[in-house]
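One structure is given below, represented as structure tokens, and several questions about it will come after.
Read from first to last, the chains carry the letters A, B, C, D, E and F; within each, the first residue is number 1.
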Amino acid sequence: MSALEPLPALLWRDMVARDLLLDLGQAGDITTDSVVPRDATTVASVVARSPSRVAGLEIACAAFTMLDDDARIVYQAVDGDDVSAGSVLATVEGSARAILSAERTALNLLGHLSGIATATRGVVRQIVGTGARICDTRKTTPGLRSLEKYAVRAGGGSNHRYGLHDAVLIKDNHIAVAGGVSPAIEAVRASVGHMIKIEVEVDTLAQLEEAMTHPVEAILLDNMTLDELAEGVAMIDGQAIAEASGGITPDTARAIAETGVDVLSMGWLTHSAPSVDVALDIELPR
Amino acid sequence: MSALEPLPALLWRDMVARDLLLDLGQAGDITTDSVVPRDATTVASVVARSPSRVAGLEIACAAFTMLDDDARIVYQAVDGDDVSAGSVLATVEGSARAILSAERTALNLLGHLSGIATATRGVVRQIVGTGARICDTRKTTPGLRSLEKYAVRAGGGSNHRYGLHDAVLIKDNHIAVAGGVSPAIEAVRASVGHMIKIEVEVDTLAQLEEAMTHPVEAILLDNMTLDELAEGVAMIDGQAIAEASGGITPDTARAIAETGVDVLSMGWLTHSAPSVDVALDIELPR
Amino acid sequence: MSALEPLPALLWRDMVARDLLLDLGQAGDITTDSVVPRDATTVASVVARSPSRVAGLEIACAAFTMLDDDARIVYQAVDGDDVSAGSVLATVEGSARAILSAERTALNLLGHLSGIATATRGVVRQIVGTGARICDTRKTTPGLRSLEKYAVRAGGGSNHRYGLHDAVLIKDNHIAVAGGVSPAIEAVRASVGHMIKIEVEVDTLAQLEEAMTHPVEAILLDNMTLDELAEGVAMIDGQAIAEASGGITPDTARAIAETGVDVLSMGWLTHSAPSVDVALDIELPR
Amino acid sequence: MSALEPLPALLWRDMVARDLLLDLGQAGDITTDSVVPRDATTVASVVARSPSRVAGLEIACAAFTMLDDDARIVYQAVDGDDVSAGSVLATVEGSARAILSAERTALNLLGHLSGIATATRGVVRQIVGTGARICDTRKTTPGLRSLEKYAVRAGGGSNHRYGLHDAVLIKDNHIAVAGGVSPAIEAVRASVGHMIKIEVEVDTLAQLEEAMTHPVEAILLDNMTLDELAEGVAMIDGQAIAEASGGITPDTARAIAETGVDVLSMGWLTHSAPSVDVALDIELPR
Amino acid sequence: MSALEPLPALLWRDMVARDLLLDLGQAGDITTDSVVPRDATTVASVVARSPSRVAGLEIACAAFTMLDDDARIVYQAVDGDDVSAGSVLATVEGSARAILSAERTALNLLGHLSGIATATRGVVRQIVGTGARICDTRKTTPGLRSLEKYAVRAGGGSNHRYGLHDAVLIKDNHIAVAGGVSPAIEAVRASVGHMIKIEVEVDTLAQLEEAMTHPVEAILLDNMTLDELAEGVAMIDGQAIAEASGGITPDTARAIAETGVDVLSMGWLTHSAPSVDVALDIELPR
Amino acid sequence: MSALEPLPALLWRDMVARDLLLDLGQAGDITTDSVVPRDATTVASVVARSPSRVAGLEIACAAFTMLDDDARIVYQAVDGDDVSAGSVLATVEGSARAILSAERTALNLLGHLSGIATATRGVVRQIVGTGARICDTRKTTPGLRSLEKYAVRAGGGSNHRYGLHDAVLIKDNHIAVAGGVSPAIEAVRASVGHMIKIEVEVDTLAQLEEAMTHPVEAILLDNMTLDELAEGVAMIDGQAIAEASGGITPDTARAIAETGVDVLSMGWLTHSAPSVDVALDIELPR
């Protein structure tokens, strides 16, 4: 399988800085600045407190270098690694003030993204051998879609479209407005560019039958029973990608994957996966 | 109890717009724009699919008016309301395109914030009668602290400090650097303004004893057993606010509250509460 | 043919404001402010000085309302219309100062975008009946890609990918790095999501033959002779979209389209189309 | 002649980054990231495909270092140089991914700005010996005025005002509102600071005669015939700068310059000059 | 005298919003939100507590409408008015919360800008009858140059250049680098556009003599004695604008103006003028 | 006394860059670029022209490195130092163009902030021995609150709240709306978090008496006579911090401090302190 590719810093640097700035406010870290001498240095370890799939490690650690240009970071793990409880993921050496002030910003990012990667990994493992893949949705946390989709990849999942702009998904309301599945597909075909894929969401096998009379790239089988899914897969017969969606949880994923669908898309991965517990163990500053 | 106060739109308008823009990308909603006539209008209902404490309703619905200046929104609920499954929270009447394009942005915000409010409400109810209050931490989702702290208030909780800038929290590492609890408190007292409260985090009752020799406004009893907490409360004896913290979950909250602490601060509320299920029921556009 | 769909103002409002602000600088319009009374009003007509395909009319006119909230604009044309020399496209009634100060910002936008639409229309007409469509590239003017791609649609063309993020285009250098067409396609297949289309750029028919052994959605036939293009189309045989590219101009488009390719992509549309001449005829302010 | 002075990076860095970000979107360069190993490096040459006057070379190459801090760039040309077809302008050595991902952003900038410089150079050469200079206008491409005016200087032209804020240009509508040339000039004189130059646009020699009764720094002779221009120059008689404007093209420039005007201002340079062809030749990454 | 012209809101709206946002922080106005009912309305008067020249009244009052779209403001004064102590400048009717929360932002702006206008007016009055005018410098408060230069105009002064970009001022260091006054002027002449004015700063009458051998638009006589100024004015003899500068205060202005210089430029107006006392008298909210 | 702690560059870097950009405009420093060779270097000294308390030295000097990455700055003073007239505060070695172009931006910042620090120091010295401390208010210059509060600390003062969000100050209008001192305090207590301090502004001793029946952290004695202040201090009797406010000037501070109040808050420090005179002495560039 292809390795996880890091996102260019240009894509997330401003977001980390904005987060750090909101924590510092206009007055800065008034506790640390009062207690820790300006020139004290220290070494700190970023540690996973529970077994996790890592995501966002370099992104999180950028918070340290944003407050101390000269901080040196040594990574013991990379995004996509599985680590056990107690594992050191990285060590940071630099200004004690910078490390203490950036700690929470870094850990919030790392815990959130690793939480998504860990949850994704869990579901991916449950469906091993079925031939299906796990995929995210647009049900992401406000402001964090790009990073959350990256975390899904770190967990071994793959990405659905990034937004309303990069692929077509014809849903129930579009079909209703258009007056049916066929006119909706035809309207879209007539207007989108040739590099755009088209997926149609169907609620019934009758809709599926109509959709399959058109050359579409994917079919979203929405909220169907296992029997319906299996029958849908048979009807699609490899002519399009078959995607199951609708309230899928880690508990229901295996059975759905076994119906033969190509893709399971799960909003749960990004809107409800809990954060994983990560911490910063700091040596006594010198 | 004091009513929940809405945040001025100036505080969140840009964030909602930014989120909407990332969904629209440079090409806009290519599905909706292909299928739905430009001048079609519709009426849509924002609906809770499960029992929830509402938070972020007006903030979420701003996504609709950002795409259709003339959209009319009628609210059937306000933030802080408890609603049953199936409740209509608001109806939106306006451009069918705008409503379909803004749907996901609006629901992601509403589901996330109501998830936090609902989780907070749950814990608040569990400790009813103990005299303690539930409070958040700085373990918030990147980029969303202001809104998440608002959602905690909507759930009946209260807010800890907003960042490193607005209150002092002397933690273990600060104490280690300063060479003890007393020098740390003294260093802070000498430098912060008179409108800043000082809290000291203590891991042991011995540290607590030392801290209580200084006039500090609050003591954070970190990761203590129930017995330690009870003894700590006795030692504090009303001279400072007694706050319990450290991995508190809905399951452990009641027992902790019964030790007599004034405040339970819970990172769980904001880093791991699941989203609640909210949806948009759209009438056939006209 | 599907009508042209307007872009939501949210996508371009800030760009127009930024442009206006750079013209106003810190001192504002020192000429107009010195000469034109503050409460003078006027009526102005936006006029095409040469036959044009209109694009960006509402976007351009937003400059007027940004300086005068109460300006009333009546449109006599919409984007996608063909107009003759001298046609009035819109009339603006409002503050004389606002109209004079916003004039150049508005006309620069309108002239530039209509220039692209007019150029696109010209090429589209030349290939009428061939079954091919005209498409843009990523060779756009810095900062203006979204609007220029909109202008291409206004001219009757369609859009290629918007950036590096929304579709795969495997080019010569990718093939060289991967060690051949096949490994490049396989590497991409293994890593991109199921809603992403894959196109392969081939320089020779031998490369094309190899590419066609894989299920790819589109083939870019780069800088080929008419004979090669015709043979390439035959080899592709409807199994993928056949796209011709490489220095295509209005002069060469017809012959290329007649080779049977599905799409002609032309950088010329956006990097070298001249602006069309638009002007503002202003009545004497009152 | 004075050498061309580079613009401080502070003036354009954000613009280049914004452009790069729009190309990368939220997902990054999905083709390159799938195919090119993370640690592959390469050497690439920025090459002019046709004879050009270079402009924007360092600005364009900043796109490479924005994606790879350690990229090394060696320049074989500087802005303002004339280069022949096939000339290497710069070589870039660094991350193969960074170079491939930044390629289009860099070339779009360089091609656009060099297109303007090359067009300007062409006109400047045509009027050699006449004593006139070529100057731009405010008819620039939206968002690019600062860089386009720099490109005009790179081409040997000079700059008219940058916006409505830094010089006065009294145009026909101002004169109409003021009730004549004289009251317009007097109104302006009474209100602008002593470091602001005043130019008056005149359509007729009668207006010119009136304008010359006031101490103004420049006269714009708008859309006049060659005879009118010559007579206008005689009337101005060195008391103000004589500027010709109105639809001047490379074909008409020489004759206009020979009328004795000091300046020819040409919107064509910035709104309609075609891009020049520049490319990136990339060695096989290692 | 020409009336003061208001700046378009586009030029300052974001600055006022940013200021308001820094005051509201992430939590908003926690005092007002706790005490004042959400739907309470009130009427408040913006009052001058001392005799002042008003500047920034509409700009300041925009803070109220930013928090309450429906606030109604009635102006009893306009920028440039002289008002006595106790004068009501405007009344604001609207949400009591909005008015209380925006109060300080509004008053800080109004007090600062009116302070500059009042100081300018004072100096302008002292030199009445001398024929000289009072002008600002680039010694402005960080971030506020545009508004401060507007306030200087409100006080009856006029503006020097807005920045390094809109006019040439050759200073001592430029002369030193160039190797003398003449080469400095010649270098500038050869490179700047025809709409840019050139001023030369001279420290001695010998330098002035050299400068006057070139056609420059203005001469800055820096830190000269009254006798030197008078002699300088005689030497310039109307061939350029004569500007006196260097530590001029309200106490020294009259004598300097009487030397015959055309302009006195005073950094004091913007870097050291005290704020004027303005207040908000609020009726009991209903 | 605790040393002054520098603000992280992240908090002010963008503000300095914005300021520099407004000075450079779109054309840059047209004087310097014309006269000073591109590769000339120089050494410049930042000098205090009058006795001052330094504030903002590193912040100001960042302007130089923003235009020349390689500029080397050696500091001879740090913020919080008292320096005599003629003292060199720092020397800058680097590009002559960068130094000349950044000069005014740097000096405006340094002069403004040192002006506030110097004014604060003056008042702090006047009240030596009284046990009171000098504190700022929210009457700051628009856009500069964070830096001005830092400058107050550099002058030996301390900070009141940073905005409406980080502490409660119940003022006359809040009391009026609430229907009295007690209900106002109770409303606030019921709604704010446990880390927020509450201060009540009282105009009369009767109000003070009522306020003292509640546990509030601070009392602002507004515009009281010396006798009232002394009596107020006696009534407060150490149960809350006693703060005097209302038009306090350097002339009245000592007597007020002697009444026994803990804090004097002075708007004058930030809205009306004059700038101190700082300059850049530049060696002849090489």
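One rule holds in what follows: a contact is a pair of C-beta atoms (placed from the backbone, for glycine too) under 8 Å apart; a residue touches a chain by one contact, two chains touch by 3 or more.
Quick caveat, the model's predicted, so the values are computed rather than measured.
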Set of chains adjacent to chain A and to chain F: B, C, D, E
Any chain in contact with chain A as well as chain E: B, C, D, F
Distance-maximising chain from chain D - centres being C-alpha averages: B
Interface composition of copies chain E and chain F: same or different, split at half: same
Chain pair with the higher count of C-beta pairs in contact (D-E, A-D): D-E
Distance between chain centroids, defined by C-alpha means - chain A, chain C (Å): 33
Euclidean distance of C-alpha centroids - chain B vs chain C, Å: 44
Centre-of-Cα separation between chain D and chain C, whole angstrom: 22
Where chain A touches two or more other chains, by residue: 2, 5, 22, 24-28, 33-34, 101, 145-146, 159, 162-163, 165-166, 187, 190-192, 196
Pairwise touch network: line, ring, star, complete, or other: complete
Chain D residues within the chain E interface of the complex: 1-2, 5, 133, 135, 158-162, 165-167, 187, 190-197, 199, 217-218, 241, 243, 262-263
For the chain C and chain D complex, residues of the former touching the latter: 15-16, 18-19, 22-37, 40, 96, 100-101, 104-105, 107-109, 111-112, 115, 138-147, 162-166, 168-171, 173-174, 176-178, 184, 187-188, 190-192, 196, 271-272, 274-275, 282, 284-285
For the chain E and chain A complex, residues of the former touching the latter: 22, 25-26
Touching residues on chain A, where the partner in the complex is chain D: 2-3, 5-8, 10-11, 145-146, 149, 159, 162-163, 166
Of chain D, residues touching chain A in the complex: 17, 20-21, 24-28, 33-34, 38, 66-67, 98, 101
